[in-house]
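Take a look at these structures.
Next, two complexes with subunit A in common: one pairs it with subunit B, the other with subunit C.
Moving on, here comes the complex of A and B:
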């Protein structure tokens, strides 16, 4: 694929990293480049494009197409410029009579086995083969094509055995072998960029063809994960997005940020008119470096899905059908209801939930709505149910509620610990970068109950997989500390300089206790002491050690303790404050970092500053012109408890489906049902909307301006590529609601006309964002907070010269078993997670062709546990816990240990959260999704609860016919 | 045909014999072919898992080498050289004769399962073409009559 909208030069080969510079002469021009650069790239640096087909700068040079030949003074022959490195003083000629003739000859051979249907070809205008034919001046092909790959029948009318029909099995791209020039760019992209090795070249000589998987595989049945790297690398129409085949080439492009996971990939949204033609990963995106996954690259169809609600709707009672109304009427209705609740039950009876899917500016406005319009601190966000322990744990120990590194840091790491995270499914683009580093020799330790793909997949194998029993993270992390302390593997100089030595002594004494030794905890955790000791030694002494962790750490009753334990490990081994090390939460949602930064928590104003702080309140009081409540507000679970008790009556919930994503579904439903005004602001009638009185249609990330902050604290611009189909961007809707309420109480309205003004207000009030503005973001592309006077270009690495909080703080990590125990009735432990093709509650991905990979949630169960229950692969099983029960199909696999079962929560008809309990983290109330005692048995079909739920959902989604 | 259980267990034994060896794929494939007479598609995922590579990679290697068979050969394998030197000495007419005589085309096996006919590109006997390889044994300076004698001995 070539880049034809914003000419974004393809340098042919990757950049060399050497600091040593070399000067040579190309076509009479001097050029100075790093040692190890190819001649092709050096030429490109001075604007000379040597013709090429098999080279592209996302993969290493290969030297197979023989089009990029050059002459070098004093050397024999015509070497390929892509595989020939520069050397001092070389005199290179890229164009002369001999080279022209050679190239034309090569092109003639290529074209002799290529159909000449350029005008009707889907790659017309987007084809490098076409360009190269032009570049070398091909005017005639002397060879008569006798044997070809592109004629379905040969000249005598017989079926051509060499012809392979198009493979359309992948829902997003097609593979058309007749257009293939066998340059291997796709195979190399799959190997080098994505790291899946799903492609190969089969056969040899003229028979060579690209093959997905083995002989009988199609693109869909092969190992292909549909990341699109091969499609991006393909120079012809061979691998092509189906959207291009359907629509044609785009005519403009807007750089924006993906709205799926916390990696925050930069994309070019390519459009024709206002029709989105394709999403292409942006080469200069600093989080993804030109790579993508199936979700960001292809799964954007939900934005134009028929289920999307485009008009506001209201109803008196949740048993009524929905009534479509104008925006004005919806606002009037909502404001009156909310004001009525406040008048009757007091200002603390209402609250908001900000969205980690929406922009920083939108999250900021929603928390401002509750603080400055409702006049309370009842704001919470979905980080409550995912990374709130990260905020607490890292804040306490290191001083900032965020990861310490940028993603580039992984290129410098020697030992990686992945704990409670499944990056190949949850954070695929980061996983590809990690796998690349692992293939280059870095060592991996995985701490996870399941054998995830990062533990072992082609060319990747973890040195140690500590398959612990769910719920014993703290014991394992403390045991690692025990080994490091008792074997003297800690970095004393670092601790003395950067932390408090006495505090460390205290922690060391605690960790060294015999009950924390791997031998003592082995029975509890199920992890072999020998394996754990080896892992601890490797992390402490294996060079740059980096820890990446996910929700498997935080979503536990001791989530915060594990985060603290992880920070302790990093500090005691000196693995903080430089490239290649650090503590890195892999955040789940595109803007969960941002929504936390923006003061979405009930006790914190933007920038993680406690509402008790008078000085902080003063800043916002001055700007907002109101008195801010000095008491922290309610967290989501407290809101629901209060609702059931009858003291919490109104909720504005933006872009989150708490009924599906929060634990103990029955309790959430009871809380929502008890409220007088539930306002759901979303793209779809989600599960929560079944209990809503007001539905405000939302806008997608394609339809608004703003910023997202990813897991590496990077503030990326989201740019409006088309007008909101519902009429208003989400920030405008929040402002309309605020103004409707302000009008009723006779106060002055808000007057933002562009999100940049909201960002200016954030910068004005929040020190870590002081230097952030849209102009700055235009200039730098993106910026990592803190960005202020001290760090005008942002901060890629945190804690470089000292911890943000001053001295790093060691806190003891006492293991306390969760109250959720297995017993005779519930002998198995359920843990939950995600899968690559689906995202979170699936509201978006279920409305795309991604369902080709994952149509329903499955229960993974070990063959032993399955056998004693008489369960076979594919059987319908009943999954029951103390909280509830549901049914789904079983998948018998040894990925999970005996005693552990696993499922995903992407589908509302399964509702895995009916099973999960209301146990939660001691510090932050983050729910314990990852440990539930369950029983599994054969079943005939959906549970009673599932049937009731489906009936209620269908009933509640009725929309009255327009009159 | 082999049943799956035998195939899996024999493949496992072969894989175990090469465990830990560097560059084990080709030796494993040779042993598989020696064991089964061909490289069964079903064994590819098993080999891939053992070597921690993808099944696409195994397929790429297997399909690159013409000597790795997808199906068992006949009892005897006749490989006629079709490279340039032998062509100059009449290999084309010799191979036409062989195909007619056996009643099969390239890569096919006679209905009685006796002979599989295969082309080969250079046996290194360019000085004494046309050359052939019969069940791994080289023979040279062939003509139709000599080939007939050889084929007549194969049963």
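Moving on, here comes the complex of A and C:
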């Protein structure tokens, strides 16, 4: 195990962005820094640490503690170095007799109102107050405070009204007010870094205290979203991780990448021995810049959850109980079964599903397994069910299947369109960066059926919220184009230079048709024409315009069409190819981008190259020594159809729970039940495992080496923090399976001994990864593909001097209403989403204390719709569609419009996908999760299906007792 | 709603593609529809599609039928 010790010093104040440099002298040393830098930071640059308490470089300086005083030649007094900016020629002294005395005085005051239990304090060794007492040479405290905040009773035995007991309500950190020095670092972190404004300083002077909103609010019941920014900022034991209180301070750290969402935050995993003590967002992480959300920061407990399966298990039939076996026996059994299927039903009767949760190297090996060992192209990935339309739409219009920007780009944006995405819940760290920009004055347009938090939150209000009817994205996007075209708001120079002018003419003619005007589409979309026109004008003419979109765009019958429409909007307004603009898909799972890059789709080899291309096949045939099938393979829904039909019999499914995450659960169950060999490779006995014959235990991101690629195409290292509890990293398990099969057919085995070798193979075969290697990643920290000879340091912004495909392509976006329509039996439209504390199907987050925030899926319904059905908040309701029915509790809220209901899909008991239908995107078969016609009514309890399902699940999860 | 037979589902999917391609100039629409199916449909799916086409193409939109001769007939595997 490697120990990465990276100096992580606190410079006291944030870096200044100015290009203008200033030279000054500090303690006799010259230092040159950007204009606007604080004296404190300038000193830190040359290794001089001015004592400080209220300053930290994640937030703006506040200047309240007066510990950081310095003297400046020719100026009066002793200014605070954290709030005093540098100026040319200043001569600064940070240490002399006068300053020493002043600082000791300040420390004495602090310490007189602070308990002196340092030895047993949980922050012992990790406390800046302690450090500063040492730094200023505090040796005694001359006065005893009469009034304190830390004594439960005052000196006369009376209850001390100033004493506030510890608040332990948050599952991950505690708030112990007696240790607070009221430096307000936490308050500023919550405002500036996270943007939640959950904390305030109440009262004045001696009475001032940190507070979670109203007096009655605890940390848990307040607006706090448990991002941990305040905890990281707090210099004392006041706000502290409970894991530190339990375990003690860590002694080493490893830099790695969060395995939850597509933001791909970098973390320092801090350990003592082999025990993970805490995860701290890594300051130098280029995606997150030192911030995190509750999932990555705290919700890692699933890795050691008792439900984790650590030994391989097999069974003849899915009605048998599981039998724990050795790895060797499991591989023998599996290889024999799979080979038997291939011998009997042909090589096209088996396939794989790669995971967007696993590493690039693992996804690459799984698709290689099907292409080079099974000898077909039947590989697909869970990205199918979320972002496949992104790949198609952006590939067609711009020429690459990926977002155009890095996250830093948002700092240069003037107008943001968020469409079909809920960043504060789905991509929280990006949302924090976005909100920071919005508070600085950028304008926001939200296109979403639901009033998501970003529409209105403290200090943020969307200029326009187009609350469209689910399923009408294309109509709205085309109407925006209509306004831009007919009002002449497009960027002719850009289009002439970068796109095909005739194609644009053709598109403009289409968009300008009267049926595409906002006035004509208003009835259909429910969006006011005036509002839409205003939004279009703002985006086209408001400066740098950037579009961020999510699954609310892709998971529709016309998902690909909407993506195309979004690309059209960006091209016609010239909003591509520089900082602050662009088209940015917000990816759901951590490695959706990577799994797509790695050739997980059945029609393309790594690097998005179609299998029909002889040249491309040739590259891989040489390296792999096999013949590659030139026909596209089956996609997930097609695999299931083929299974039901009897021509698809065996599936290796890595890190993916298709039974819970894919639509039309009954159809998925029927498909799985029809197969002869389902291999589930996962951490837990997931829902799909109910239909599996082989269970191969997986490893967590903490237990292996590899890389993830986030939504900005950034390849981040995942580093092994501890040994795999199940014995093997996932890539090793895939290799064992491949080798067991290769042995049976007398072929040469694979021989990877480290994931870096897999990356080398990727680099060798895939031009956009040609420059990527573990050494390079070590050097640069991370890199955004394409990374090759032309761009050895990677590519933060795409399409800078021209589109990847040559000329940007405008494609007509005809609105076709989904066939999933409301009617008398199913009058409401259901749309689905996710919430902050839970992740996807919840297999991980449900196994952490995050359940404190979300114990069950709720159905949001408008008061009007609720009232006519006699539904009250908290009632158990039945939710039915043409596909099936389930039941859950209702939450009555006007976040949704009348006619629309909304739920999350984090809990298997809810089985929200029993409801969703098998309609899908026309181009990619990405399922239409976001629109289902439903009816809602009062109910007494779980539906028949839920009961049957629960019984079947319990039955199929039996594990035979070991002899 | 679930599509009962594999044919019904494929007809539905082919028509969905057709609806997108219908907004293009005719020849381009025909060519792109065919290449879309060639690029993304596994031979088993194309075989089923041809079963429908060969039986008269009932339920398929005209553009699908017009593109039929450009769609690759799968060699029996």
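Everything below uses one rule, namely that the second predicted complex is superposed on the first by the 956 of 963 C-alpha atoms of A that agree within 3 Å, B and C clash if a C-alpha of one lies under 4 Å from a C-alpha of the other, contacts with A are read in each partner's own complex, and residues count from 1 in each chain.
In the analysis below, a contact is a pair of C-beta atoms (placed from the backbone, for glycine too) under 8 Å apart; a residue touches a chain by one contact, two chains touch by 3 or more.
As the structure is a computational prediction, the values presented were derived from the model and not from experiment.
Of the two partner chains, neither subunit B nor subunit C is touched by A:503. Between subunit B and subunit C, it is C that contacts the larger number of residues in subunit A.
When the two complexes are overlaid on their common chain A, residue A:875 makes contact with neither subunit B nor subunit C.
In the overlay built on the shared chain, the residue A:200 is in contact with subunit B alone; subunit C does not reach it. Contacts of A:459 after superposition: subunit B is touched, whereas subunit C is not reached.
Touch criterion not met for A:411: it reaches neither subunit B nor subunit C.
In the superposition on chain A, A:222 makes contact with subunit B only, while subunit C stays out of contact range.
Residues of subunit A touching subunit B in their complex: 196-204, 211-217, 222-223, 456-461.
Residues of subunit A touching subunit C in their complex: 346, 348, 377-378, 510, 557-558, 560-561, 602-603, 610, 612, 631-635, 638, 641-642, 644-645, 647, 664, 666-667, 812-814, 816, 820, 882-883, 917-920, 922-925. Note for the complex: subunit B touches subunit A at residues 41, 44-45, 48, 52-60, 63-64, 66, 70. Remark: subunit C residues 1-3, 6, 9, 13, 16-17, 19-20, 22-24, 36, 38-45, 74, 77 touch subunit A in the complex.
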